[in-house]
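One chain, subunit A, appears in both complexes that follow, with subunit B as partner in the first and subunit C in the second.
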Partner chain A sequence: MKPLILHGHERAITQIKYNREGDLLFSSSKDTIPNVWYSLNGERLGTFNGHQGAVWCIDIDWTTTRFLSGAGDNSLKLWDVETGTTIGTISTNSPVRACNFSYSANMAVFATDKSMGHQCEIHIIDVRNADESLGKSSPILRIPINGPRVSSLIWGALDETLLTGHEDGEIMQWDLQTGKKISNIKEHDKVIMDMQMSKDATMFITASKDHTAKLFDSDNLMLLKTYKTERPVNSAAVSPILEHVVLGGGQDAMDVTTTSARIGKFDSRFFHLAFEEEFGRVKGHFGPINSVAFHPDGKSYSSGGEDGYVRVHNFDQSYFEYGFDY
Partner chain B sequence: MPAAEEVKSSWADEVELEGGALPPSTEVRENGFKILTEYKLGEDNKKVKIVRTYKIEKRIVSKSIALRKTWAKFGESADDKPGPNPATTIGGEDVYMQYVTSKEEDNKVEEDALDKLKMMGDKAVVKCRTCNGDHWTSKCPWKDTALASAKTADGEKKAPQMQPQTADSTTKSTTKYLPPNMRGDGASKRIDNAGMSGARRDDAIAIRVSNLSDSTTDADLEELVKPFGPVHKLYLAKEKQTGQCRGFGYVHFKFRNDAVKAIANLNGHGYDHLILNVDWSKPNTSSNH
Partner chain C sequence: MAIAKKKGDDKSNYSADSARNDGDISSNEEEPNFSDPDDYVDDIPNEELLGDILKQKPKETDGVESVIVVDGVPQVGPDRIEKLQSVINKIFSKFGNIVNTHFPTNEKGHTKGFIFLEYSLPVHAQEAVKATNNYKLDKQHTFLVNLFTDFSKYEQIPDNWKPPESQKYEGQSDLYSYLLEPDAYDQFSLALTGGAQVWQNTQPDPIVLHDRPNWTQSYVKWSPLGTFFTTFHKQGVALWGGPQFSQYKKFSHAAVQFIDYSPCEKYVTTYSSQVDVHNPDQKRIIIWDIRTGQEKRSFNPDGPSAWPIFRWSHDDKYFARMGTDVLSIYETPSFGLLEKKSLKILGIQDFSWSPTDNVIAFWVAEDKDVPARVTLLEIPNRNEIRNKNLFNVAHCKIHWQKSGDFLCVKVDRYSKVRKEKNEIKYSGMYFNFEIFHMREKEIPVDSVEIKELIQAFAWEPIGSKFAIIHGESPNISVSFYEVRVGQAPLLLKKLEKRACNHLFWSPNGQFIVLAGLGSNGGGSLEFVDTQDFVIMNTTDHYQASDVEWDPTGRYVITAISNWKTKVDTGYYMWSFQGKILKRVNLDKFSQLLWRPRCHTLLDDKQLKDIKKNLKKYYAQFESKDRMRQTKASKELIEKRAALMEKFSAYRQKRIQEWIEQKPRRLELRCGIDTDELDSDVQNTEEEIVEFFVKEEFIEIE
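Let's turn to the complex of A and B:
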């Protein structure tokens, strides 16, 4: 396959996401400007200029009209996708680490970091009629987190629950009616870097610095599968059409010089969903991969790395014909 | 005066004038390709011509996607022309997914070899000259006894005898270079294993189909060879730009028998308006001998 290399960022990519139809690919990086691209030919549609700090998280609503970004400049911005203009800005007390639209895009959630004397907090906001007054309106629900900070979050099925991954590897499930914790589990030993839903939202996959990615039931948080690697996993995604899982990660940039180099450390790694066995690798990045995403049609995938590049791969025919020996 | 004007625009003057300015970039669209030609000054101030060829594709998509395709670019891309901007979008080099099913096998082979070496080391490296036991001569329990002195007494006679003997067995492998696959012992076994597990196993059952017509597609080739048995890999040589068949292809069968059958049946078989030429793939014949 011939990957498209998207070079619109000057610093490490933090997150990439496709919209629902998969024709647009959004990317954010530690430079301050999220980008949006046509996933088919890699043409850049535009940039969202306005943040003052590293953009940590992005999300797109299901109609691809609005775009959400949370940044290190203590703000969350809501954008119009078509024109790239800011609809509203919410100022927070500390950097916004994770953000997400609910499936219906009536609500959005974001989590702030524990820093500068402020504790980590989850905010749920109403974005149905969002305009400039967004910053002044009060959130629907605020959940203060006393323990380890939230490092990643997603909405549960039917927008009824919220799933948060924490810095110590714990996963919590929250009831949105009451704002109370329903359940929690601790299957990871280190920070959870990324959580992504499977296509039908019955399962979700977590990626952790403890060198594993794990698959959970999104309803009762039962651990289903574990994918082991030798390096920190920064992101994981489930294929929407095949029983495949892709993992991206690698040695931290700061550890690269102090550990022995081995070939294949910055590869995207493909695992079989059920057998937990690795069956393929794709090379390309020359730094750890920070975010991976499957195209919603399952025929291509993208990865964004610490090297600042986003690579869009269209799978070869051999990928679809590959039979797993069992 | 017309003559003067003509002189002024002589080609030599034009070359002089053009020295600093670069020719304008052009964009040509023809039969499904967009050819973008640009000129720029490269390093050491030489003019560089850059030709980029894009393939234009038409796709039928849902209304919402089509609408989004018409959106105007914004932000830092506001000034970009339609189509990918080469500054931000780069066509990458070909990469392949590396399938890692044989990983465990390879590791095993390596371990085996290492184990063998270890076993050998324990047994054969240390040998006592006096009693042939597996210890150093200086540590021999018979060192100060009659056995040792008897040996050393006629050692001059014996040692030269011993040496040719040991040398004899080693000369075969040391004096003259032998390629690994010609060597007698464990080495060849290891090579065999490695060769079998690697890509060569595929080559052994690859056939080359040539004299195919231009209009042949992957699907056609597959249809042609499928009746003979399961196909492992299929490659049809195609023209890079037009996607037309270049007249030959390679088929890797899962089983050798199927490949034999395919050659027997397909060689000389009429396909489209041409007569096929089917034989073992070339690298196979050279590696087998």
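Let's turn to the complex of A and C:
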């Protein structure tokens, strides 16, 4: 399994995402310019130039026509994928830490950081007929968060609910009709770094600094599985075809300079979805992994690391043949 | 009563004040009137008003505990009473501050022969009684000292005495039950921050036998034969044993830091660096009898010395300690000095008991023209059975072989010596290993010289080999020598360019682990069979701080303790061949110790027979292992099957729901089916993407 190494960013990768078909791979980094690549051969298709700060989060709508990015320059930008031009920009009071298109892509959500004297806030915006007036139009819904800030968020199934992961490890479920909290659980002890839906959106996986990733029911937030490691987990994804999950993480970036790559454990780690048993590791990054994503066909996966590289791995035949006895 | 009365006074004063205030109030109407109405009767008892203060009211008996009565004091006339007082004061003020004295006199002014003294604290009174009762002042006068409270105590003794009820005898639990384990599994202990655990090293997975939070406050220790498990506490140490690890004994010695068992587990030495505030008389080193729990003898350390300060002979008969130019040997069970005096040995630097015989090896340093010397001393007759003079010696280290067959003295020698500001500086160092053949007549000595810096030395515990790590990084070599009768030690093998700094022999010899521990060692591990010097495995446990062989030599543990580092603490278990068996990551892990086994009860012939018939047993063990393996894998498969069944049931339900929601999904995505990558047949189109090959033109002028 020789990976494609995508070298286009100058700083740490913050998030990577495939489009629905999986032919394109989008990546963002702290260097302000999100990139888009052909996932097949790793050639860069283009860049999204316009942000002034580190880009923390990205998303692509299901038609691969529009692209969303939130950045440390206190702005959220909506882009046209085909031309790479900005459709609209929303200025915020603090950095945008998480953003997501809804299932229909009629709406999008983003959350701002708790900093510079401003509270963390969730905004839900209408992006149906978005144009340059996007910055002036008011959001559909604003939810101020008084407690620990939102560190990760995803839409629930069918555009009706919103799931937010928080700095203290708590997960909240919101009803978008009323803007009220439906339920909340606290299964993690530390900040939730990433949340990703399974292919059918009935389950989601969380990655936390408390060294675990956990699988939840996306409807009733029931804890289904726990995947334990001995390092902070920054990102986790569920395979669309097999009962596998992949976890990426490693020693905190701030501690890395004092330790060697060997002790940092910057490997992608594969676990069985139901047995919670680790069965494989993929080495390669020389800094912690910040984001992992499965290709929608489940035949390859990618990881983006603090080292600034995106690595696209095509699975060998042995991966598909490997089975657990039960 | 005086204070209570005073309180009453205060109260009346207060009412007087308030009466005076009444006048003010009339002039200033904003102040409310606090005074009682005229017909008010004060019926609130004092207890209700100031119950808390009344509780502190001194009682008549307060301070009585601090009073002592001294009888047998000389009767003197008024002219000499001052002299008497000064004598009494001299004797009794040692124990505390005397706040009050009373010398009763008769009508002529003669003292009556008994006096009363009051100390500031009851403990001082108790100490004075303890120390001065039966104190001989002179030929005629002996003090009889009692606490004042004793009088009332002994007056109230009931007339009819009841014999105490006899207590039921409770036998000790079987301390050796762990040796009856049918599969000969060994036990090991884990010390964690805030607790300790004892595990059985069962195959394929160890099981926890006892897990007790707060079992120890610092670390744990096994006794040398494995009978007792020791835990450390603020108040002292506790010994645990038997099948349930019930408390066997505890020895109260505040803030114990170190303990040392005698080799036969008869005695234990405890050391505390602090003085107990509640028990200032307690000495810093105490030797206890383990079976009775009695304190046998205690000492205070004089000057800095290496632990264990007291070192035991192999049979628990003698123990010795070293002082400046002196070696003190004590005998048991009297705990007195052997032949009532210490040995004077000028310049003694270090000593060590043979692990199998009552022989002490010690060395003395060079002094001007007198060479350094290593001496073997037989105890109790103090015969010097061997003497060896050594020249140009900077330092020596004594290494006994575990079987007591050989003794090695590592001698650090110099070519040049300089004195610089009272500091001795050696240069041109080289190293000698003086090998004493203990079992041969006259104890011949062989010598091995190595010019390089020595990193480590270790005897094969059973056998006749020893290993040395020498050289400086990166050219570190490991040399193996064999000692032979009538021949100089033979170099068997030299392994060059190794990354190790510690040697760990299997307890049964033959196998050795070369380990690189500590910050610059990297945790490298090399498993070597010294029969043919095959390197069985080269591997590592990054940042490992400890290596521990199990007592049978079947397993090796490497561990990362949280005393050394904070990341990845835990332990790895390896087979003696270096095959990884288990990786255990444990937060708060600090120490892993195997439970030692006692000496085998089989004689040499029986051991030989077993070795000869090993093939016969081998088949049994093999089938047992196989059964365990299949059982374990069966269990795992069953566990997985159960997990899968439960998870599948859940998934079926959810997938059903998902299928039911399909119309709503279609509605949200303009009627296009996106559930599968290829489910949207109408809109799928094959697209051919051309990838540009990068072209570059370089114009050449």
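Here is the rule we use: the second predicted complex is superposed on the first by the 316 of 326 C-alpha atoms of A that agree within 3 Å, B and C clash if a C-alpha of one lies under 4 Å from a C-alpha of the other, contacts with A are read in each partner's own complex, and residues count from 1 in each chain.
The rule is simple: contacts are C-beta pairs under 8 Å (C-beta built on N, C-alpha and C of every residue); 3 or more make two chains touch, one makes a residue touch a chain.
Quick caveat: nothing in here was measured; it's all calculated off a predicted structure.
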Room on subunit A for both subunit B and subunit C (clash or fit): clash
Partner chain in contact with A:41 - subunit B first, subunit C second, else both or neither: both
Which of subunit B and subunit C A:270 touches, first, second, both or neither: first
Partner chain(s) touched by A:21 [first = subunit B, second = subunit C, both, neither]: both
First, second, both or neither for A:7, with subunit B first and subunit C second: first
First (subunit B), second (subunit C), both or neither touched by A:224: second
Per-residue contact with subunit A, leading partner among subunit C and subunit B: B
Which of subunit B and subunit C A:132 touches, first, second, both or neither: neither
Touching partner for A:189 - first (subunit B), second (subunit C), both, neither: neither
Subunit B versus subunit C as contact partner of A:202, first or second or both or neither: second
Common ground on subunit A, meaning residues reached by subunit C in one complex and by subunit B in the other: 21, 38, 41, 43, 325
Residue ranges of subunit A in contact with subunit C within the complex: 20-22, 38, 41, 43, 62, 103-104, 106, 157-159, 200-203, 217, 224, 230, 251, 259, 262-263, 273-275, 296-297, 324-326
Partner subunit A, residues of subunit B touching it in the complex: 59, 61-62, 64-65, 68-69, 71, 73-78, 80, 83-85, 87-101, 218, 233
Subunit B-touching residues of subunit A, taken from the complex the two chains share: 1-8, 21, 23-24, 33, 37-38, 40-49, 64, 82-85, 270, 278-284, 311, 313, 315-319, 322, 325
Contact footprint of subunit A on subunit C as seen in their complex: 542-543, 567-568, 585, 633, 637, 640-641, 643-644, 647, 650, 654-655, 657-658, 661, 664-665, 668-669, 674-675, 677, 689, 691-692
